[in-house]
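Each of the two complexes below includes chain A, the first together with chain B, the second together with chain C.
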Partner chain A sequence: MTSQPLILGIETSCDETGVGLVRGTTMLANAVASSVDEHARFGGVVPEVASRAHLEAMTPTLHRALDEAGVGLEDVDAIAVTAGPGLAGALMVGVSAAKALAIAVDKPLYGVNHLVGHVAAEQLENGALTEPVVALLVSGGHTELLEVSDVASAAKLLGGTIDDAAGEAFDKIARLIGLPYPGGPHIQKAAADGDPSSIRFPRGLTSERDMTRHRYDFSFSGLKTAVARWVETAERDGVPVPVADVAAAFQESVADVLTRKAVLACQERDIGTMVLAGGVAANARVRDLARERCAEAGIELRQPRLSLCTDNGAMIAALGAAVVEQNLEPSAPDFATDSSLPVTQVLV
Partner chain B sequence: MIELDVPDAARMHALGERLATLLCAGDLLLLGGDLGAGKTTLTQGIGAGLGVRGPVTSPTFVLARTHPSLVGGAPLVHVDAYRLGGWDELEDIDVDATLDESVTVVEWGEGLAEGLAGERLEIHIDRSVGPAADAVDLRHVAVTGIGSRWDEDQLRRTLSV
Partner chain C sequence: MLLLALDTSTPAVTVALHDGERAVAHSTHADARRHTELLAPAISDVLAEAGVDRREITGVAVGIGPGPFTGLRVGVTAARTLGTALDVPVVGVCSLDIIAREVTMREAPHGSPFLVVTDARRREVYWSAYDSAGVRTRGPEVGPASGIPDALPAAGAGARTYRDAFPGLLEPEFPSAVFLAAAVVDGAVDTCEPRPLYLRRPDAAPPAARKPVLTPVHPSR
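Entry: the complex of A and B
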């Protein structure tokens, strides 16, 4: 086991500063400086997302990861860092830190794709992915359906949201019905007492016409507008808004479309494994419906624990480990961040 | 001010494409309007018109996304101020650093991002409140050019169908 190289992974694509250490598919450390508690105070406002916050968190998070793994910087064999997609200024901090470290310890540096990192994270949970998978990535910033034949080198985008990300829809609907930030957990909690069939909200991009053009794409903008209109109508009529029912019906619409299209992709592409990742994968309804539908369709569902679902450094180290294992060329020393890096580009 | 009625998402997209023909590096657009008004749809049209690498989707979570040009033109910087609390936070995400060489579109920028540039295009989209009255889900779009950069007649000619 110890013969496998030690990979340091750095993630700063959004508001989590993550540093992880991985050997092969074994996680040794996963330190994350999160600011979600801070966000809650501001009701979803994010002053901490500034590059400055990453800058302040970087060194302490790196030390925490090294301590957790019981290794020194000199033990690291290679460094992987998120090159994109993400917020440009935030990515810059991680990439600059990684470049400086790589020069300091004279080790190769790999700029990797954040989205594929989410899929690689599953390797830390249940071992190497040896067969092609369909990955459903759902978070505040992402809603994508990927086909990954090889995490290190072959990923393609089957579809994605054409407007809002699923997690973003949760946050916006939560604000609309007076629930706090972050929207996901609060909507799930409220929905537990609601009837998902009490209101039929639209299922984005599932009509026959949309299934031709946007077979594996998602849309949550129309759902968001439908919920807004429904709530506005109740308010106009002086009817109290049934928050639990609205939350349950909204959550059902999101979970239904996500899992339906992901299962369809597995079936149509003859793929037997689905990986569910990203922060929204923590939603119980999404998880339950995915489990139920995968079981019915005979698809194996793989899902990492929550701390590996949300943004973290270990997932980037896991992807780095896969890239190193295939002896791929390190990134050029002057590689740049790419805030809209396409998923097909696993390594920059 | 130029006022337009836009009956559906496809025509909102087309409006963005027409608007893009007038845009060049250094231009700043502020988009306002309620949840579900069509700000992202309009920006998708602008992105298509500029010929930038997509997909252009809501940047609420990531705050800002840069779409490089596929046709040798200016990149599109798509900013979302929905989660931002004030001018300081807008400054923190360094939008001003890329203003000169990009077309910058700021969603939810009304009352916040005006200070980025003296010359700018302000676009406000209204949708009717409550249930959609019928099959037509009309949006009212108001376009105001601030500064000598914008020629109202040219805007009107380009944006009207």
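Entry: the complex of A and C
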């Protein structure tokens, strides 16, 4: 369907520089450059390092995306860019590039919401969403449960983490048990040889009292402390730390709480579709447990492939395509980045 | 020819268009701290004011700092993106040299050696020293104003912040894209790759050792 407008999407909210090209719900290119290796020795994303890397990666990534899609800039009909939420300095690189590009090609520019972009990415995998959906967004910077009644214009926050993001918890626990950064993939690998039921770590915000005040919220700091205490006790007692078991039990706690609350949200709000997105949605245990629990509850689970789960430009282009399809107004030329853009604001 | 010149290395967002003979349009928002918001509309405005199409641009010149990183990157990112999208060359110019060029043009032919000093935050300045012809003799460097070896009159906002460190003040306070464009057209400044002059490393430290959560066990008496 070449009749649909060609949308170019730019993403720079964290440590990935992404440029994607999309028509409708068809992905033509998804070029990503990551500065993750530069952050490894700091154990987390360093904003200034990420911003510098975005500047260097921006035009090469743009060219890669155009080559991948076999199109020229003159073919682009509209541009979408992440306006927030994210790291302020990082966002400004993407928005500055997008604004310059919009002038150069003389096409409309849409500043859009990164979180809703993660949900829109799913449309590139399995076609148009039938809203409403509940979306579970879990990444290094986010752990949020959203209700999306229209991907281009209406999303609301059901709950989120009150302390660490889920990916952050993976990264911190990995450090604790001597695994490299980013911790998620390493914990998953270690956990494969472990017994998740060998240790029972706490499930954050699931007590009866917490379920009234924080029904759809998450907390991983108590879990982090519990794992640290367990590991330190073993070390103190001179017992070798069973890394595989600790990894498996920790991963089980995270996967359990995430999927339990997401399924609950679907059931209580009578919503038949769940979308799983973000870097932690790459976790095999999170995916399996979500699939299992959704199947039991009769909920359709939708999750894009890994490369569309982590931050990328195609997801921003996909959201741009949805916005353009609804003929919404482009963003004002002087729009600002917003590092804490609320999820209710899909378009700035 | 049509050169688009811009600089965002200071609070000023400055843009100019130069046709090879003169600046045909320019826009400067001094003391702005909203570079991302202001730059693109300023570029559109100068194109409109000059009555030219963006496809007529034949080159881009950008101030590459030194300057506060976030604002500086706004201009460099825009310049590089415009260059790549319009398929025209992009050159970088040290932003302190842009201020120096204006000093030399204003003071000539009675010039004498001088400094350019801009604000680097954290009680420090970015600075360079120039001879009477406006040729850079030292810098750019970053450090406290009190650490600058030569007692010379100084241009730039940093000289105003640390007024006591200098025997006299010179205009201007901020770089102007009009002088940037003219200097590039006249071949009066060194140009280089459009890569920011950061001068400082990113603030980042490897993580500190983790605090234990167990209460320390006291040695038994």
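Following the convention adopted for this analysis, the second predicted complex is superposed on the first by the 333 of 348 C-alpha atoms of A that agree within 3 Å, B and C clash if a C-alpha of one lies under 4 Å from a C-alpha of the other, contacts with A are read in each partner's own complex, and residues count from 1 in each chain.
Note that in this section a residue touches a chain if its C-beta (ideal position, glycine included) is under 8 Å from a C-beta of that chain, and two chains touch if they have at least 3 such contacts.
Predicted model only: the values in this text are computed from it and were never measured.
Contact with chain B, but none with chain C, is seen for A:Asp164 once the two complexes are overlaid on the shared chain. In the superposition on chain A, A:Glu122 contacts neither chain B nor chain C.
In the superposed pair of complexes, A:Arg52 makes contact with chain B and with chain C alike. Once chain A of one complex is fitted onto chain A of the other, the partner contacts of A:Glu147 are absent, as it touches neither chain B nor chain C. When both complexes are overlaid on chain A, the residue A:Glu252 reaches neither chain B nor chain C. In the superposition on chain A, contact of A:Ser96 is made with chain C only, not with chain B. Shared-chain residue A:Pro333: touches chain C; no touch with chain B.
Using the contact criterion defined above for the overlaid structures, shared-chain residue A:Glu16 touches neither chain B nor chain C, since it reaches no partner. Looking at the shared chain after the overlay, A:Ala228 reaches both chain B and chain C. Shared contact residues of chain A with chain B and chain C: 42, 44, 46, 49, 51-52, 88-89, 176, 225, 228-229, 232-233, 236.
The residues of chain C lying in touch with chain A in their complex are 34-41, 43-44, 47, 54, 69-70, 73-82, 84-86, 196, 198, 202-207, 210, 212-214, 217. Interface residues of chain A, counted against chain C in their complex, comprise 41-44, 46, 48-49, 51-52, 55, 58-59, 62-63, 73, 88-89, 92-93, 95-97, 99-106, 175-176, 225, 228-229, 232-233, 236, 333-337. Here chain B touches chain A in the complex through residues 34-36, 40-41, 44, 53, 55, 57-58, 60-68, 83-85, 88-89, 92-94, 127, 129-132, going by the rule given at the top. Partner chain B is touched in their complex by these residues of chain A: 13-14, 42, 44-47, 49-52, 85-89, 139-141, 160-165, 167-168, 171-172, 176, 221, 224-225, 228-230, 232-233, 236, 339-340, 342.
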